[in-house]
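To keep things simple, chains are lettered A, B, C and D as they appear, and every chain counts its residues starting from 1.
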C-alpha cells in the first residue's frame, strides 16, 4: 500500500453529462383566468390596482408598486403600440420560431404596461417603433401565451 | 456607517475562453490560495478567516447543490459559509454587511464560473419569468436587444457611439494580461460585424464562454490596518431591483442603477461622481450598457451617454477613465464579473494595476449587474 | 457586535403538497402578506429584502429576478441567498446581519419551495465537484438518511420501533398545527407497516414534498417599538457547512450540528441547554435524524436519545418540547423549511403558537436549518435581552 | 400519457411543462488521473500530507486542513463494508430522463488504503450484508470501462 503510481496518465479529460429535467409550471388562478380568456374568447385582459389604478398586462396578483391584491379585470382591445423590438439572429433549441424573427414590447391600449411577444406579417427591416399592432390568434388554442401566434401591424 | 470595511487582498485567474484542463475547484483553489498567501491568513475563527461568502450559479456548475461539493475548496469545512446566487458584486456587498453587522471580522469572498461547461443561453432562458416571457423564448440576450433598441431610439444614440465603447474596451484590455479579447479594433470593424440581436452586433456583446474565478479578503477596519499597509476602504454600498417584465419598465431608464448609486453615494458622501471618482470599473455585458450605466451612475445626464463617450472623458487619460481593465467586453464570466470589477478597482487604488494603472487614483466606483437587461444592480464605492 | 435586533412579524402559508392555484411568486406573496399583517406594517416600511429557495429543485435559474416584482421588491435593495436545504437558514442569518448593521429600518426575508413543480428533482443526484463520479449513483436525501439511520441503529442499539415512536410524536404535534401539511393520526403500527423506501427509512419517516413559503421581518432595536410590543430578540446565529464530506466523517451519523450548537452555547454562556432553552425547532428531514440531532444539540448523551422516547419524555407538554410544530417530517418546503422553523420558534417565544404552544414561559428558543450532507444553521431567539 | 400528466391536464388551473435537456461538459481537471486509473482497474485516492486521510473522489485540498493533496495512493481491490441500503422505489435518473429501479444495494466501502467510496453490491439481499464484511471489486470488461464510478460493476462479498 501507499505505492506511488507514476505510470497512470494525468492527461486532463472532459466528460459530457446530459441532464434531463421536466419542470411543471403552475399558472395559478390569475394566470389561468388570463390565459383562458385568450383560449376561449381571443380576448386580452388586464388587472387594475385598486390603489393606484395601474392596469397590468400580463396580469399579476399584486400591484408591483403598492403590494395590494388586484381583482378588477379590465377587457382590453388587444391593440397596442410598439415601444421597442429586437430581431433574433441566432438559433437556440428553445426558440418557438425559426430565426430570424422579431420580439417586440407592445404597449397595450387601456393598460399601463407592455406585453412581450413576437412580431409577424412585417418585413424585419420595416419594423418601426411607434407602429400600431394587433394580435393574430392561432386556430388551435391550448391556454398559453403562444395562443397568440404573433402581433401584426394593424391597418 | 458603523465602521469601515477594508479590502486587504485580491486575486484573479487569467480569464480564458475554455479552461478545459482545469476543474472548477482548481480555479477556486488558485485564487483562494493567492489571497491567503498575500495576507498569511488561515481558516481560524477569531484569529484568521471567519467566514466564506461565495458567488456562483449552481446551474452553471452542474447538478444539484453544486456549491455543496465545492465549498471545502474555499475552506468552508465545519465553518461559517454563506453563498449568494447573484453576481459577485453582491457577494462583496453581503460580505461587507456581515462585517458591518459586527458578526465576523474577516471574510473571504470567492466568485467562480465556468461558462464553457453549459450552453449559457439555455440556462439563462430558465431565468426568465415562466408563463409569459420564457414561453415566447425570450432570454437575457434578446432582452438586452429590446433594451438597446429602446435606449438608442429614445435618446438618439448613434451606432458609432456604441461601437466606440468596444474600441475603447479592447484598447484598454491590451494592457490587461488577464483579459481574453484585446485585439485592436476600429469603429468600422465593429459596425461591420454580424448582427446578433438587433441592434446588438456580435462584437458589441460580451465574448462567451469565458472561464475564471476571483477572490477578495475583506476585514473590519481594525483588522484591515493590521493585515496590510495598503487597505482599500469600502465607503458605500447599494443595490436595487427593477421590474423583471420587459413591458413593465421603461427600458431606456435604469432606475435600479440610479437608486443603487444614490444609496452608495449617500453612504460615501459622494456628491459629484464625475469629479470625485478617479476611476470606474463597470459591468457592461453589451456595449450599449456602458453608455446607459454612465447615466445611471450619474456620470452624465439622461440620454447623454453617447456624448460622454464622444468627449473622450472616459478614455484612459481622461477625466474619469472607465474600465481601464477592458471590462466585460474584453471577456469575463457572468457572476465573476462583479467581483472582478471590485478587484480591479482595488488594484487601481493600491497603485498595483500595472500597465492599466490610472495615475494617483484615490476614489473608485465598481458596479455589478445580474438578471435580464440590468434588473439587479449593485454599486460599491472604494477609497484608499 | 452590531445593533440588537428583533423579529417583529412572521408569516407562512398553509403548506400543501400541491398548489396549482398560485405561481411560485404568488405563493411567496401570501406568506409576505401574513408577515406584514403580523407586524402591522405595509410594504413601504421595508427597505431591504433577502430571499431564496433551493433553486435546482425548482428548476429555475436565479428565480429571485421574476419573483421579486410580485413580492413588492421593485425599487428595493435585495439579493438571493441559496445553499441547498439550509437556504432558509442562511438567508435568515443574512437578514439578521442586514438588520444588525443598523443601515436599514426593516428587513424582509422570505423563502419558498414549490415541490409540486419539481417532479424528480432529487434524482439529479451527484454533485458538481464529482459530476463524473457520484452521478451514477441515485443519491438523494432518502439514501443519505438511510445510511445515517443504518449506522445509528448499529451504534445505539435502538430498533425500528423507536423511529416509529419519533414519527408518531411528530404527528401528534402536527395534528395541533394548522399550518402543517401532513396531519395523519398515526399509530406505531401504521408507521411500522408503511412502504419501505430504503431500509430503515419508510415513506412516513421521510419529509414530504411541499409547496409552501415562509417570511419574517427583522428590525434593529431603534425601530422595533414602532412595529410591535412583542418583539422576539435574536440572540445569536451561526452557519456551519461541511461541503459534502459525509463519507469522510469518522461517525457517519454526525453532522456539523454539534459543532455549531457548541459554538453558539459557548459564545452565549449556555452550559445546560436542556434547561436554558425551552423550545426547540430542529430541522430533521427524517425521523431517525431527530434522535441524533437531539444528542447533537446537547439534550442528552450520544446514542441515548431513543431512551427519552421510550420513557415518553418528548412532546409539547412533556419534559422535552422538541419540534412542537410537527417538524419537517410533517412539512417540508425545502428552501423555506428553516424559515418555517424560525417562524414557529418565534411564535413559541411570543406565546402565539395556539394549540401547539408549549406551556410555561419560553425564555429561549432554538431553531436550526439542515441541508445537503451535514450543513447546519443555528438561530437562537430570546424573549428579553 | 402517464397518470400524472393526465391529472395535470384535468386540473382546473392551467399547468404546463418545460422539458429540458442540458448537455454539461465538465472539465475533470485534477481528478482525471483517477479516471484513467479506473480504466486500468485500479482505485487511487488523494492523500492529505497532514492527516494522511485518503479521499475518493479525489479532492484538491483536504477539507480538514486545507492543504493541497498532491500524493496519489493505491487503494487496493478490497475493502470493508461501512453501510448498505437498497432503494425500494424508482428514482428519476437525470442522465436518461426516466424513472429507474435499481435492484442492487448501494454500499459504502472502506478500502484497504483507507479511502471510502460508494458502489453497487452484488448481493441483492440487504439482510445478508453486515458492517465490517470484506468486499472485493468486480470490474466491467475493458471495452465497457469509461473511467467512471460504475466501471466497478459491483462489490462482491468474499470470505475472510
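Just so it is clear, a contact is a pair of C-beta atoms (placed from the backbone, for glycine too) under 8 Å apart; a residue touches a chain by one contact, two chains touch by 3 or more.
As the structure is a prediction and not an experimental result, all values here were calculated from the model.
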| item | value |
| --- | --- |
| Touching chain B and also chain D, the following chains | A, C |
| Farthest chain (mean CA position) relative to chain B | D |
| Between chain C and chain D, centroid-to-centroid distance (C-alpha), Å | 29 |
| Whole-Å gap separating chain B and chain C, where each centre is the average of the chain's CA atoms | 33 |
| Chain A and chain D: spacing of chain centres that average the CA atoms, whole Å | 41 |
| Junction residues of chain A, two or more chains touched | 12, 14-15, 17, 19, 21-29, 31, 35, 64, 94, 144 |
| Sequence positions of chain C contacting 2 or more other chains | 20-21, 23-24, 59-60, 69, 74, 119-122, 124-125, 129-132, 135, 242-243, 245 |
| Touching two or more other chains - residues of chain D | 12-13, 15, 18, 20, 22-29, 31, 35, 59, 63, 94-95, 147-148 |
| Interfacial residue positions of chain D with respect to chain A in the complex | 8, 12-29, 32-33, 35-37, 40, 42, 44, 71-74, 76, 94-97, 112-113, 147-148 |
| Chain C partner contacts - residues on chain B that touch it in the complex | 1-2, 23-25, 51, 57-59, 61-73, 76-86, 90, 93-94, 97-98, 100-103, 123-124, 126-131, 133, 238-245, 248, 255-256, 259-260, 263, 267, 370-372, 375-376 |
| Touching residues on chain C, where the partner in the complex is chain B | 1-2, 23-24, 49, 52, 54-57, 59-66, 68-69, 73-84, 90, 93-94, 96-103, 121-122, 124-131, 135, 237-245, 256, 259, 371-373, 375 |
| List of chain C residues in touch with chain D within their complex | 20-21, 59, 119-125, 129-140, 142-143, 146-147, 150-151, 154, 195-199, 242-243, 245, 247-248, 252 |
| Chain B-touching residues of chain A, taken from the complex the two chains share | 12, 14, 17, 19, 25, 27, 31, 35, 56-58, 64, 83-90, 92-97, 103-107, 113-118, 129, 144-146 |
